[in-house]
Amino acid sequence: MHTIESGNTAAALGVKLARAQVIAAYPITPQTPLTEKLSEFIESGQMKAAYIPVESEHSALAVCIAASTAGARAFTATSANGLLYMHEQLHWAAGARLPIVMCVVNRGVGAPWTVWNDQQDSISQRDTGWIQIYINDHQEIIDTTIKAFRIAEEVNIPVMVCYDGYILSHTYMPFDVPDQKSVDRFLPPYKPENCLDPNAPTNLNSVTLPDVRTNIRGELAHGYMELRYLLQEDLRKSIDVITTIEQDYKKIFNRGEGACLEEYRCEDASFIAVGMGSLAFHLRVAADALRKEGIKVGVVGIRLYRPFPDEAVSFALSKADGVIVFEKAISYGYMGPLCSDITSALYKDANPPFVHNYILGIGGRTIKTDALIDAIRNSCSRPEGSDTADSLRWIGLKI
Amino acid sequence: MGTRECNQITSAGEPGPGDGGKTGSWRVLRPVIDPSICIPARKNIAACFICWLYCPDCTITRTIPPTIDYEYCKGCGICAEECPTKAITMVEESGFISEENK
Amino acid sequence: MEKDIINISWHGRGGQGAITAAKIVATASFQTGYTGVVMVPTFGTERRGAPVMTSLKISKEKIYDLSPIENPDIAVVLDYLLLDEINIVEGLKQGGILVVNTPKPSDSYTYNGIRVATADITAIADESGLAYGMVNSGIIGAFAKASSLIDIDVLANAIREEFKDRKPEENARAALVTYERTIINYGD
């Protein structure tokens, strides 16, 4: 069933179809319509879930952690400073191996205040151990939200589904709403690994010692380091799981390409532009224009950011002469985070392409197609080697 | 020429009307002060000025009588709400528009 | 590239329903075969009365560029006073169309190379039984007449659907009457 609705509504519909059972959220622009829609669904009886209004985002994720620990499928959503407010709980949810799904409606962080889009909020949380997926349009919003629950529950790692505030959350475009029966086939009910159960009392996430210990059964139990190692190991293994789940989704719904990344006109590309989120789609317009000028440009849109699909990225990019990375975030004091990650993935190549780094769209600074075209053309014609932290290029800066 | 010359390292600004452009056009209702009820106007003394204090956009002057800068006043109605003698009424802007356009 | 996308900018004041109007046209466009349709509101500092703008892009192919329209093919203005405040005409393409809700006569607006379509939609809405100032359904009629892009009956049905709990017939009537009464001036 096709509908023309906003990105936030697409996300809400995805959560409803995924049969989330507990929703705890705090409103923040530009996420607010998502949670309002969910509370409408619940109030009208269309969705059987408990909506728990909380007094802060920290509490929102804390309630989801509790609900998930009690065996419920839990969901929350936030943006920017709201995400930062729950930062402590992000680490907790990942370390506790809880399959919580959260939509992050990307917005720049204060200070100074902004409500407009960039990706600093979620990207700055990439070290927490959450799976992070960046999506490009409304169809992907609804599809990925549904897939996220299946991914999370299969690998026992929480998943962040990130989409651009305003640019996607508040724009309207057509998308297909999957039918409930098919979603139920794809996503079975949640079966928790460990769960709060009065009939089988257990200690969960208690203090661990620097070293391993013997438990009451005389077995060697994990120390802190082993548990954290397992999170890393399972994150790396999840790349294959995510790819398989993508294929399963495609079998039922007939759509879904590139769980890790999607290539556009890369087969013979000399230069490849890279972006995440709606920018990955916008770059295609620039690539098409440059192709008409005879410059062989392709685009790689990265979807899976954590775990970082370094093999897939290296395979997609290493054959190009140059890689031009566009991002709406910066690792302050150094470079664009995506650029750093890509550069290190390419390091092992015998003859890696040059890598240029463009920072743009910060705090919602409008991104114009002509500016993208000029940047790529500029990089293609004067490749002075890869960028360093002091040669970062900014698009749209008016200082 | 870019913004470098403004010499700030964070978002800082002086209070006063105009930081957001000429927002007077946003008005749907306009505050009008009745000088026969307004304390400083009626008694010719520097007293009250609660409207000046509460205006979020600094468009009211601390003068006898207080005056409102209609180029910036957004018509939020806080002055009318706070005036202790109800000297300020919110009036439909459309009446003023047709007058001013003539 | 750009040839295949029709760019329509909508200008109103916060609370007037410009975004709803654009959304209705988006729905009708999709039904008519423009499957690549996006409606991108521009968000600034907002409140009732402040100028708002939304970009409606329609195409038969998927649209990948969600940036705000700078050079519209058609500019739709829900409040004629906005023309004095914001430079709407400057960005309009040569040969483009300006659609305005105005009580002024059609020949008050002349711009080189721009077609102007006018109607007193505020009055028509009032006539049609809508609350004073509810011009966002009527403006769709003016847009339909000026652009000839989408059938007015398809739009009227989309209007009835959007307003199904809030005077659907009156809103549809406002659009249909405006369609009849819209005057188009061809600039020289």
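As written, the chains take the letters A, B and C, and residue 1 is the first residue of each chain.
Definition applied: contacts are C-beta pairs under 8 Å (C-beta built on N, C-alpha and C of every residue); 3 or more make two chains touch, one makes a residue touch a chain.
All values reported here derive from a predicted model rather than from experimental measurement.
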Topology of the chain contact graph, where touching chains are joined (line, ring, star, complete, other): complete
Selected pair, greater C-beta contact count between A-C and B-C: A-C
Whole-Å gap separating chain A and chain B, where each centre is the average of the chain's CA atoms: 46
Distance between the centres, which are taken as Cα means, of chain C and chain B, whole angstrom: 33
Rounded Å distance between chain A and chain C, as computed from the means of their C-alpha atoms: 36
Touching two or more other chains - residue numbers and ranges from chain B: none
For the chain C and chain A complex, residues of the former touching the latter: 1, 23, 26-27, 30, 35, 37-41, 43, 63-68, 70
Footprint of chain B on chain C - complex, ascending: 13, 45, 47-51, 81, 85
Chain C-touching residues of chain A, taken from the complex the two chains share: 2, 4, 115-116, 166-168, 170-174, 278, 281-282, 284-285, 288-289, 292, 366-369
Interfacial residue positions of chain A with respect to chain B in the complex: 111-113, 397-399
Complex interface listing, chain B residues touching chain A: 2-4, 10-11
